[in-house]
Amino acid sequence: MTIDILYFAWVRERIGLPRETVETQAATVAQLVEELRAREDRYEVAFADLSALRVAVDQDLAEFDAPLDGVREVAFFPPMTGG
Amino acid sequence: MTIDILYFAWVRERIGLPRETVETQAATVAQLVEELRAREDRYEVAFADLSALRVAVDQDLAEFDAPLDGVREVAFFPPMTGG
Amino acid sequence: MAVRVQSDPFDLGAEANAFVAAQAGGMGAIVTFTGVVRDVAGGLQAMEIEHYPGMTERALHKIEDEARDRWQLGDVLIVHRHGRMQADEMIMMVATAARHRADAFEAAQFLMDYLKSRAPFWKKEHTGQGADWVAARDEDEDALKRW
Amino acid sequence: MAVRVQSDPFDLGAEANAFVAAQAGGMGAIVTFTGVVRDVAGGLQAMEIEHYPGMTERALHKIEDEARDRWQLGDVLIVHRHGRMQADEMIMMVATAARHRADAFEAAQFLMDYLKSRAPFWKKEHTGQGADWVAARDEDEDALKRW
């Protein structure tokens, strides 16, 4: 399946791009992360500490074990600091 | 001694005047209240239920047993409803 | 620090903007509370507010001093009207500035709770059926217990 | 109900006055919170706020819906800027209207607590020494536990 992946804040800066489209068979966000980490060092660096990351699935906050079935958009970013 | 007495809200309306100056030997606010109640019916009516009244002595909230020594101004009014 | 008691209307927007502009650089959190004349039952012709000149300002300053002892605050503003006003007119406002939002929020709530029950204002509602002094609410007295 | 995410500055005073004017007759209590860019250490050249278009609006509406489930509210307004701004500029504001002041205060605090940690905004501070993403504070995450 085809999924849009978005990166924000320092995750975007470490990976070096704001979004990309991937073709994946990953069943969960965690499996998608493993696929990305295996690609290149910059992904390995960005995803080194998952406790420092948050994930949104189709624009709702989610956990790393969230399923990807039917999902169109996954976003990775640090804890939010608005307000 | 000479004391200015002020009345506010329905206390003012029941007594029929906003302020008056009295000559008194009362030692406490409660004794002053007894002197006033003895004067006329309208005072008796206004001071019938002390739990419905508040008192300020020289512009600070006080209790009915507050001493009057050196005091220049005593005010009686219902519980406050600002804001 | 400013306490104003006045019969004239005030402009919340102008007060709020001026309040923010006057803060020192570190004050990132600004809270305002505004009280508006409510016409709950329908038929309110006027709200009349009586106060105790002299004691009012004294009481408001004491309440502000107390808030400053409890929280780290920048400026504090209290504006309260007296006299007659109509439904939907603004009665009063407070504003607080602090580095952290918890301080600004709590101080504003504290100011309001004390102002309600400890500052010498009395409200009278005029309707077609006559005029009645607003009774103090037990909840307002109870609200003081949390501080 | 209004949620606005914008790069342009907003006018707190104009927003606050329009918010009060738009309320139905029973809403006697209005609370606003305004967040201002702080330059705590001195030397802040700019604050940059990144957000997640689409999810941001969605998250803010969810937070507002949650507040409406918990308190009796009139209107709610949330305005949040993104992009670059300077020290002392206003970053964001919320406003709440309610019949009773406790509802207006609590709802505004709730909106702020959730907005801080659950709406996708990220702050970056630019100084003479470079640029750093602002770290989330444990206190902000802890603040959610009271609700």
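When the chains are written out, they are named A, B, C and D in that same order, and each has its own residue count from 1.
Rule of thumb we're sticking to: contacts are C-beta pairs under 8 Å (C-beta built on N, C-alpha and C of every residue); 3 or more make two chains touch, one makes a residue touch a chain.
For each chain, UniProt lists the protein as follows: A, B = Molybdopterin converting factor subunit 1; C, D = Molybdenum cofactor biosynthesis protein MoaE.
For clarity, every value in this text was computed on a predicted model and none was experimentally measured.
Asker: Can you give me the shortest step count from chain B to chain D, moving only between touching chains?
Answerer: 2
Asker: I'd like the Å distance between the centres of chain A and chain B, where a centre is the mean of that chain's Cα atoms.
Answerer: 72
Asker: Find the geometric centre of each of chain A and chain D from their Cα atoms only, then give the gap between the two centres in Å, rounded to an integer.
Answerer: Once rounded, the distance between the two centres reads 26 Å.
Asker: Measuring from the mean C-alpha position of chain C to the mean C-alpha position of chain D, what distance in angstrom results?
Answerer: Whole-Å distance between the two chain centres: 23.
Asker: Do you know which chain D residues sit against two or more other chains?
Answerer: Residues 35, 101, 112 of chain D each touch two or more of the other chains.
Asker: Using the touch definition from the top, which residues of chain B touch two or more other chains?
Answerer: Where chain B meets two or more other chains at a single residue, that happens at 83.
Asker: Between which chains is there touch?
Answerer: The list of touching pairs comes to A-D, B-C, C-D.
Asker: Taking the complex as given, what residues does chain D use to touch chain A?
Answerer: Contact set of chain D toward chain A: 35, 49-52, 54-55, 58-59, 80, 91-92, 112, 115-124, 133-136, 141.
Asker: For chain B, which residues count as touching chain C in their complex?
Answerer: Contact set of chain B toward chain C: 6, 8-10, 12, 56, 59-61, 75, 77-83.
Asker: Could you pull out which chain D residues touch chain C in their complex?
Answerer: 11-17, 20, 23, 25-40, 42, 87-88, 90, 99, 101-102, 104-105, 108-109, 112, 143
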